[in-house]
Amino acid sequence: MSPSARSFLLHLGVIAGLFVLCFTLSDYHQGNLARIMVLATYAIGYNVLFGYTGLLSLGHAMFFAAGMYGLGLAMQYGGMSPVPAFAVGILTAAVLSVVVGVLALRTIGVAFMIVTLMFAQSVFLIILYFGTWTRGDEGFVIPQAARQVLGMDLTDPLIRYLAALLLFSSALLITARMMQVRFGRVLIAVRENEERTQMLGYDVFRHKFLAVLISGSISGAAGAAYGLLFGYVGATFASVQYSIFPLLWVLLGGAGTTIGPLVGAVFMFYLIDYSSGFTNAYMLIAGLALVLLVLFARAGIMGEVRRRWAPWLP
Amino acid sequence: MMLLETKLLTKIYGGLTAVEAVDFSLRQGLVHALIGPNGAGKSTFVGMVSGRTPATSGEVWFDGQNISAWPAHKRMRLGMAYTFQITAIYARLSLFENIALAQGMRDQDAALDALGRVGLDERLDQLAGDLSYGHQRLLEFAMGVAQSPRLLILDEPTQGLSESEIAGFNTLIRSLAGETTILLIEHNMDVVMSLADEVTVLQQGRVLSSGTPETVSADPLVQDAYLGRETC
Amino acid sequence: MEFGPHLLLATLEGAVGAAVLALTALGLSLVFGVMRVVNVAHGEFYMLGAVVAWFVASAMSAHPAFGFMAAVLIAPAMAGLVAILADRLVLKRLHYDPEATIVATIGILYIMQQTALMTFGPEARPVAPPFNTRIPLPWLEYGENGFNLFYPWGLSTTSYKLFVIAAAAVILVSFALFLSRSRFGLIMRATQLDRETALTFGIPVERVYSLVFGLGAALAAFAAVLIVPIQQAHYLMGADPLLLSFIVVIIGGLGSLRGTVVAALLIGMSDGIISVFFSPTLAKILATLLVALVLVFRPQGLYGKKRA
């Protein structure tokens, strides 16, 4: 079987598995998994930039929050219905990606990390500053009555799960396909050796810029979906913590693998969920995981699987 | 027809002139060797030709177009290829992916042909970083060929290779002669004498002498400054 | 209060902030300058200093001055030791790779912050100042009888705040002397200039790195001990000094102690003054955007002078 056929089957299998799970899981885990799939979509967006293009952003929460607030404000003050509001969310994140891309891509390495961190911090503070509309730290709730699409109630656990699955599958299949075609392979080339890629005649800046745009837009879609499906929009989602999470999920699951983001999000979500049962210091787990991953397992779970058993793993 | 011309090409690094007002021209189809002692400005010069290094002043013309302001990737697309002095392959990608990227991922057969030319077409799935040094240089060369350039710039392709590997390289470069114009930086004088149609000697950023290998090696200035010491 | 006295008050508050910021930023700048490590956990060493100061002060039942004195000695030492441990266990094993160390120090940030939450708790806790006399400040006013000295209501500072400014100045001057005169200062500067050459000259670079990382953390902790009688200790208090230190280091450029101190005074004073007159959030937005744009358009701001 060719590698591309194998990877297609793998992705189909993952999606089918998630579909079956929604009928077998308890309500509690079903709710968790819906949340995880949206967060994994965020991680997939992050992975496009970090895992495949080799650009480490410390500010992706700004894209997630842009999507979330784009949708939330459009629904709350614009009176929009969910579908156009969702489009507004993605568009907001896309516009922000364009601005951040043009500016931040002038820098590399450590400076890129700090610049993205600073931009995200500004977005977080701007959300707080306009607290009259954004409700700042408190955030605001999108009422159940507004969260209806085509006669379906997105607050119903099953429909919410399926909507999250639809979002996740789209992001997974789109990015997986993208990494097989010329564009994605050039992104990997940029990650592996930027100068070499330029000297082969590829426009490195254009590729990096598009990677930021795609990564930011997918992250924004995840943020918009999170607001829509769970009915809450708050400044926490723009904080540094939410920029660190996707890095953590992708590192843990395996940077530059298609299903690593999901694997990392599942593990980390349950680890934090479990530990918050007996301590409020649940971010301790995240801190320890970051240090241990950087020290001992940079390839992450799926990266390790690829190295040992399945070199074809996409 | 002149494929490549430079006019008064100059590079100054923080007050230090690395290349000074070099006028250079290269006719289509020739192999031109650039020689000179370390620090003469050879790599800086080809860097400015390829666009890797921005020029301080002067012009670069390629195929009748002034490309002085073009970024490197556009120059490559116009028909240049550049192989690095320090091997710059994608170590963590397979040989196939390396050559496919070089070819532009449009024509798989052309990519495989280029690998076949250097005899590496049996190892498509191997990681480029696992190759021996000599094979990595060959891959680097094949990547240049796979771009099917009109001008191939080779920056010290035989550096660090054994005698037999150098002989192999000579054959490869000769097999391209005629179809591809080649600008070659080379230290090994045997290689230069056997391959080059024309030679330019750089010293301290300036052209010391230029012409056929015979005239250049007979030039007393050159003998004084470079050849006498280098060949012994 | 009228504008003039209000501005004087804001300037004094700003000077206290600037003094503490100069010490904190110096630590960050030192670590980045010598080791090329961006220590995202720097703010947590500051927090550690404040928290340890609280533990030490509350363990001593004698006069607050004794508790404070003990904290001045113990808290920086503790922070330094924790930093040296982090260097040996984590940073050294990453071979000081710039990107990996940032990710690792983010991890260390959460480990320290959450450990403080578990041990110190979520409350903000005060430390008593060793002395705290209120000093009213005079103001000049031009009246019918020419200039006239009076004490406007509310225009005052405390002896402790003046002490903070003086103590920070003393530390900064001694640090400058230490860098330029002592043997270790020389070794540090040599390592900063060229790691490889330093190694060939037999300088134990790894030990220098450990000490520098410890020293950077100790400076932050010392700054926190100074400030904790004015602001309370809290497990989340590291975020602001980290941000401000970043701003100082990026605006001030690296390599010179003077650049860091001048930028710290500028940022600290303007932060104090702007926060009194305008929204502190707006001030922070402008500051973060400014830093981002400085990095984008003048990257040598972060890397000191461009190398040839």
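Order of writing sets the chain letters: A, B and C. Residues in each chain are counted from 1.
Here is the rule we go by: a residue touches a chain if its C-beta (ideal position, glycine included) is under 8 Å from a C-beta of that chain, and two chains touch if they have at least 3 such contacts.
The structure displayed is predicted, hence computed values, not measured ones.
Q: Which chain pair racks up the highest number of C-beta contacts?
A: So the chains sharing the most C-beta contacts are A-C.
Q: Can you tell me which chain is nearest the middle of the complex, judged by mean CA position?
A: A
Q: Could you state the distance in Å from the CA-based centre of subunit A to that of subunit B?
A: Whole-Å distance between the two chain centres: 44.
Q: Would you kindly tell me how far, in whole Å, the mean C-alpha position of subunit C lies from that of subunit B?
A: Chain centroid spacing, subunit B to subunit C, equals 53 Å.
Q: Using mean C-alpha positions as chain centres, tell me how far subunit A is from subunit C in Å, no decimals.
A: Centre-to-centre distance between subunit A and subunit C: 35 Å.
Q: Please output the residues of subunit C touching subunit A within their complex, sorted ascending.
A: Spelled out, the residues of subunit C in touch with subunit A are 38, 90, 93-94, 98-100, 102-104, 106-115, 117-118, 122, 243, 246, 250, 279, 281-282, 284-285, 288-289, 291-293, 295-297, 299, 302.
Q: Which bits of subunit A are touching subunit B when the two form their complex?
A: 182, 185-186, 188-189, 192-193, 195-204
Q: So in the complex, which bits of subunit B are touching subunit A?
A: It is residues 50, 52, 71-74, 76-77, 82, 84, 88-93, 97, 100-102, 104-105, 143, 147 of subunit B that touch subunit A.
Q: Okay, in this complex, where on subunit A does subunit C touch?
A: 56, 58, 103-104, 106-107, 109-111, 113-115, 118-119, 121-122, 125-126, 128-129, 244, 247, 251, 279-284, 286-292, 294-295, 298
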